[in-house]
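Note that the chains are named A, B, C, D and E in the order they appear, and that numbering of residues resets to 1 at the start of each chain.
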Amino acid sequence: MIRLASLLLILIGLYGIFSSRNVIKILIGVNVMELGVNIFIISVGFFKGGIAPILTADSFSSAMKFVDPLAQAMVLTSIVIGLGITALGLVFARKIHAQYDTYDLGAIGGGKDD
Amino acid sequence: MNLTIILAVTVVLAVVSFFITRLNKKAGGFLTVIASLFAFVGLFLLKGSIGGEFSIFYFSFKITMVGWYFALIMVLAYSMTSFFNPFWMDKMMYPGSYNFMYLLSMAGTIGMFFAKDFITLFIFWETVVWSSTFIIQLGKSRKASYVYYVVSAIGSMATLFAIMMAYSVSGTFVISEAFAGLSGGAAIAVFFTFILSGLAKIGIFPFHVWLPAAHGNAPHTFSPVLSGGLVKMGAFIAFLSVTAFPAYEIFSGMFKVMGTPFPIYFLMALGAISIIVGTLMAIKQEDAKKLLAYSSVANGGYILIGILMLDQVGFAGGMMHLVNHAVASAAAFLAIAAVAYRTGTTKMSEMGGMIHRMPVTYIVYLVAIISMAGIPPMGGFVSKWLIFQGLADKGMLFLAAAAFFGSIGSFMYVFRPLSAVFLGQTFTRDLKKKEVGFFMMLPMLILTALSILAGVFPNTILRVITEIQASVGISPVTLAENTIVTVNGYLDAFRVFIVFGFGFTIAFVIFIVRRKSKKVELMDTYTSAEFIHTRELLHYSSKFYAPFERLYDKAPDTMKLYKKIAVKIGELGNLTESLFYGHKPEKTVFWVMITGIFVVIIGGVV
Amino acid sequence: MNVMSFVYGFLVLLGVFVFQTTLTGLNRKVTARLQKRYGARWYQQFLDIFKALRKDSTSHGWVFDFGVIMALGGIMATVIFIPVAGFEAFPGLDNIFVISYLLAVGMLGMAMSAAGSGNPWASIGVARALTNMLAYDVPLMIVIFTLIFAFDSSSLSEIAALQQGMGILGWNAFRMPLGGIVAVIALLGMLGKKPFDSFIAPTEIASGPMVEYGGKHLGFMFILHEFMTFIEVSIILSLFFGGGATIWEYMLKYAVLYTFMNIISGVMPRFKIDQAVKYFYRVPLAMAIVQGLVVIFTGLGVTLWF
Amino acid sequence: MVLDEKDNRNVWEKIGDYFSANSIWMKWYCTGCGAIELPPTMTSRYDMERLGMGPMATPRQADVLLITGYLSTKTLRRVIYSYEQMNSPRFIVAFGSCTINGGIYYDSYATIGRLDKYLPVDLYIAGCMPRPEVVMNGFNELIKMIKKGQAKGWKHYQENYEWYKKNQLDSLGEVIIKDEFHE
Amino acid sequence: MINPVFMIAIPLILAFLSLVAARIKKWLLLSGVLINIAILFFLEKGETVIGGFKPPFGINLILDNYSMVGLALAGLLLLAGVVLSLDKADKYSTVLLTALAGINGMLLTGDLFNLFIFMEITIISAYILSTAGKKPEYSFNYLVIGSIGSVFYLAGLVVFYSLTGTLNMADLAAQNLSMGTPELLVPLFLIFTAFAIEAKLIPFGGWVKGVYGNSNRLTGALFASVYASTVLFVFGRVFNEVFALSGAVQTIIVLIGVVTFAFGEAAAFRQVKMRRILLYSSIGQSGLAAALFALGLIFPAVLLVISNAVSKFIMFSITGKLREIYKTDDYTDLKGVFFSNKLTGIAFSISAMSLIGLPLFFGFYAKLNALTALFNGGNWFIPAVILLFAIVEGAYFIRLLIALWAPGKEGEIADKSHAVGEIRIFNIKKSILVFILSLVILAAGLIPDLAGKLISSDSGFMGGDGPAFTMSQLKGGE
């Protein structure tokens, strides 16, 4: 279920990028995709009834109930990278706006190579 | 003499000449003369070591009779033309690199003919191609150089494909063994792709487009090499494709036309077409060099037909035509170059009556065209005679018809520059022009002498060819002392020459005993009593064969085919650009999704 | 090859000149009779030639002279190679290709000299003559090629000899009728007779290549024309009409063939040069190819029909 | 211009004159109506080829320059030009009264009244127009003259070249060309 | 022996330093790339474990022959690029140093997730470098497409992780997953998409035109040489060592590579702007290299990547500089520009001819190896396509060279009076540097066997075949 949701999110994100020409909206689409994939990663590591993978005395016995810590680590990294990319994307969006006075990629019209 | 030394010296001198030219242009030009003459002499002395095998670096060489024969022709063209180099240095944009490329391409041709394996051959071949491409661009047209490269590339890429394909079967690149074990469809594919570079280089239809462009627009000092020399590289490939690739044996089970397997006959038919196309196009050219270029197309057809026959007579004719055409064509191009040196143009409508200013050049050109048109007593006659005999022997009617057409048509086109450039009225501009200097005259005279010698004593050359024929395992052409014997008759070129001399003497005696004629000025001609004072107006040179040209002026241009292909490739490029590239991510997303769906479907199917 | 060969060669030249010039003179009479005229004297052609040789001449530079000499020399050499009733001054050199290409030396010399005169009409005439040559030679050469293939020989005398002794039906003209017709039509073109004489159109281009010739140059041209006629008619005669077993038979056949050509020519109008090319590349070329294919693939005509 | 002079030709010249007399090739210079009489002379009724006569395309090939019709200052220049292109021995036959004295245009400023001031005329054929019979008769006379070596206008022209040239120049003036083809 | 981790650590440290000490960042950059080269040859071969966890649990760096070649190529070209365009590189010191760390990491790492991180570092640096083109919409486009790639990569990665429980390359390879199965097709495709986007394969590399087409002499050269070759190297490792391709998926990837080659060359054919010619040529070349990698022909592919990287570096540098001087890169406006810049011109020509695959240059050896290897594999269709489009490639490059060397009207001989300007493209030192780089191509082409040996130490990469073709085999005549 959660995997389907994540897949849906990825597809929504893709659709957002595909259908929108507004820079900000496209960025949102990218973010939605990232969200989707992050959820997907989590869903791989997670199973019902799993506990946090922290080594404590009472959890030692039920090691099998840990959720996968690696997936969470990956998600953390992925979120950070996603943040970086979003930030950079916003910078580019600002630049586009500064240069063309619009956020609409369609209005820029491709811009001739100099 | 050692081939290593020849190659090393020419390559080193090539580099040296590059730097010397930067110091002194003329000196660099003279260095090419020295280097190419050295190579010529060296190659001539190399005859003793035929059969030897050795390697330099990773290149492996084998000195064969046929390689020696080809290389000698090639270097002859190079060395004779090099005499013109010093006088053209000032007109070159890059004299240094011209000299460098000139010698480098010469070294390339030498190496190519002696290659033992196909990779060596190919490396030298391509070296010649690119170095000559960079020479041609210095001439009158950049486009010509481009066309030259593209057509050459079509050929050489196809040949590389064939070499590789043969290698995958036989596991070796050695020329004599590489084609072993081919059969069926692979054999046909290899045969046609392999010979493609030969066809492209000889200028066989539909690859002939580069000859008029490149010959006509190359620097005047390189056109003779192109026509007299580089074109013959293609003949070498054609030779290999019937000997090293034993086409007659491999295709022996195939459908045959007049005893010749169909693939070979097909190529011969292409040769015949190029004879016709070359002749017709040559007739209507307005530029002397382009005209000669088309004549090379036609003569290439003869060479191809001759070599592909691989029999006793026709093959000998084809091989001998190599020499004759090389000598004649180089001489003709040099003569035109000499005229261009004085007048600065090669357009036939802008010249006239140069015979009165440059008589020696005229004689050179005259002998050259007599040989080219195949009229006795010059060399071209003997080789064409042999080819005709070979064709008649096999009964190849249509090829023969094309050959006759080309032969008689050649009278028409070779006469045009003779009439337009050398005969007729001298233009006012050219009245004070002088003959070229002795240094430039020398190579032209040598080539003229060779042309005549080849016609009077053809057996000197034919003896070499008999050895080649023996080496590829066909019965050599029968030679008596001065006579060439074929099934259908024999030819004694020496006696023909003597009788011709006899007739000429009688005519001369009659002429000389009659009263001396009054010499009048050239403008004093019959003009229906009209006074014409403009020399240029009294010279008939442009649209010489207008009534005849009209009959085929709507014929399609082969160049259009290439242009069309180029346009198609460009359209594919346009499509690529517009489909996949842009500044919006949506295109990529779209394609990613399409591909993804496609992959999922594939996955479902699998 | 010895001295006698040259003497014979010279005699052949002399004989051919006398014979052909007389025949030309007679044919002028024939043409005149066609036009209901009395016509010139039979020896008028000699008078014309010698008068021309007698006169002063003008020269337009050395190539003008040299070309004339080269033309006559080449043509004379060709005449020497022509086998007359099996007789050859230089045996074994009567190869068709040698003869037809040596003929070209003469033509080239003439063309060169004419163009060397500096007169544009001469150049136009030469251009037409060469075009004409391209027109008639291809069909003719195909037929000749067929003959060589059929008889395995390219020797004129051998091919002529092969046709003899079988009566009139042994002639190639009858064994290969299409080829024979082509040969006769091509002969008209070779001789420059009407309808294929546009290259010497006198009023249009002032007699074309001959425009600047006067005096001995013109005389040379006349002699050359006689020799050339002899060569051309002889080739066709030997190849298609069996040559001649004796010299008399040869001369008789020759005279008949030549006169026949002349009579055809006498009632013909003139083709423009492009019309001539079109004509030759339609009818005779097709006929020649059909003939060639028949001979090569069926062998009909190599032997007698019956 | 039949003059009774001693015949001092050698034997070769006599033979040559015999050939010349029996093979007369003409260049017709036709400016007036005279040319109309020549086709009948050529064709089957009179057939000039019997005598070895015939028209030729260019002056280089011709022996006789046949001038039919009147000459003006404009055409005379052409005639002289043509005559000088002919090869010796060469003869001039003036044909019809226009050529001889200007005919009905005798009083025009532009008509040449006396041709032999400018060129050596060997034979005049009078008449307006001379009929073919007269033409044939005249040429018979010319043949006889040539045979006897009496038609030597060309020699006269050579010997008195300056005189002729002076007359020509006086009448026609030197040509200074000035048109689009010349400076 | 130096621990390979310094290859990543040193540039990163220097990158941080360059933020702090902005005044000397130029020198930091220079020293960074120099140290990178210097320690390259003293690196410890084999596996290096990071952080004490043994693989497959921890992250490890692998320095084998293959990554060594990649490191050397990227490092040297980066050094050359920085030296050649120090004025421009100055501004991007931090970015470049980070990129260096990322590139080294990509080439060294033995873990797929780690690879993801390094790839992101590298790509983000590329995003930033692409802004040098002053066309933010293209940078943005690149960023979005790149992010899609990252997302796909991550998604695909996770599927594999869930299936095998490991992300270590060696460990994954040891699992012997059957790549032909439909279940794996989709995740494999997701990973492939990520690489394909970076490797500019059609139809994924939609960002290339804008980014390469607006690059300057620094960024163009780096994109086309350093970045492109790194991605291809990693592509080769991932799709040979980690996922051994076979069956339908291999066919698809090879097909995509070949189509990219053909379409790219065709698109380059109709261009008149030099940067566009070069960019489409780059697309074509990387398509070919990808196809070869996918077929498992690593050695020829590596040769191709190297030859392409060096050539493209030279050509992009010169083109970028030409654009700076003449404000255009339309070669029809730059006719005869090499007349007064012979040394640079020769370097450009040698690079172009090597790319076409003309003999005497290194590209020929690469092409020959590729063809031989393909034919040995019984494949004749791809060689045919390669050779067919090599004609097209030759056509546009030769046309370009002719225009740049020989100006003049049609119908008149080439004349310097038609040449554009007499401005020197590079000053003498830089010309010599470029020239020497091109001489490397020439020298490697003249003694290809030695060059090949230098690259692969006589054996292939990652257990693959060595050279399919050597010149010395001619002499032996085997």
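In the analysis below, a contact is a pair of C-beta atoms (placed from the backbone, for glycine too) under 8 Å apart; a residue touches a chain by one contact, two chains touch by 3 or more.
Just so you know, these numbers come straight off a predicted model, no measurement behind them.
Quick one: how many steps at least from chain C to chain E, stepping chain to touching chain?
Minimal hop count between chain C and chain E: 2.
Can you tell me which chain lies farthest from chain E, using the average of the Cα atoms as each chain's centre?
Checked the centroid distances; the maximum from chain E is D.
Just grab the chain with the largest centre-to-centre distance to chain C, centres being mean Cα coordinates.
A
Looking at A-B and B-C, which one has the bigger number of contacting C-beta pairs?
Per the contact counts, B-C leads.
Specify the chain with the shortest distance from its C-alpha centroid to the centroid of every protein C-alpha atom present.
Chain closest to the assembly's C-alpha mean: B.
When the centre of a chain is set as the mean of its C-alpha atoms, what distance in Å lies between chain A and chain E?
Comparing mean C-alpha positions, chain E is 29 Å from chain A.
Which integer distance in Å separates the CA centroid of chain D from that of chain E?
94
Between chain A and chain C, what's the gap in Å when you average each chain's C-alpha atoms?
That gives a centre separation of 96 Å.
From the C-alpha centre of chain B to that of chain D, how far is it in Å?
Each chain reduced to its C-alpha mean, chain B and chain D end up 58 Å apart.
Got the chain A residues that touch at least 2 other chains?
Residues 14, 17, 26, 105, 108, 111.
When you check chain C against every other chain, which residues touch at least two of them?
56-58, 206, 211-212, 215
Any chance you could list the residues of chain B touching two or more other chains?
Counting only residues that touch two or more other chains, chain B contributes 518, 524, 526, 582-585, 589, 592.
If you go through all the chains, which pairs of them touch?
After working through each pair, the chains in contact turn out to be A-B, A-E, B-C, B-D, B-E, C-D.
Provide the residue numbers of chain C that touch chain B in the complex, in ascending order.
1, 6, 9-10, 13, 53, 56-63, 65, 68-81, 90, 92-93, 95, 97-98, 101-102, 104-105, 107-108, 111-112, 115-121, 123-124, 126-128, 130-131, 133-134, 137-138, 141-142, 145-146, 148-149, 152-155, 206, 211-212, 215-217, 219-220, 272-274, 277-278, 289, 292-293, 296
Which of the residues in chain B end up touching chain C in this complex?
258, 353, 355-356, 359, 362, 366, 370, 373-376, 381, 385, 388-389, 391-393, 395, 397, 400-401, 404-405, 408-409, 411-412, 415, 418-419, 423-425, 487-492, 495-496, 498-500, 502-508, 510-511, 514-515, 517-520, 522-528, 538-541, 544-545, 547-548, 550-551
Taking the complex as given, what residues does chain B use to touch chain E?
Within the complex, chain B touches chain E at residues 55, 57-60, 91, 93-94, 116-117, 119-120, 122-124, 126-127, 129-130, 133-134, 137-143, 145-146, 149-150, 153-154, 157-158, 160-161, 164-165, 167-168, 171-174, 219, 566, 569-570, 572-574, 576-577, 579-585, 587-589, 591-592, 594-596, 599-600, 602-604, 606.
Could you pull out which chain A residues touch chain B in their complex?
14, 17-19, 21, 26, 105-106, 108, 110-111
Given the complex with chain D, which residues does chain C contribute to the contact?
Chain C reaches chain D through residues 28, 32, 35-41, 44, 47-48, 50-51, 54-58, 202-203, 206-207, 210-215, 218.
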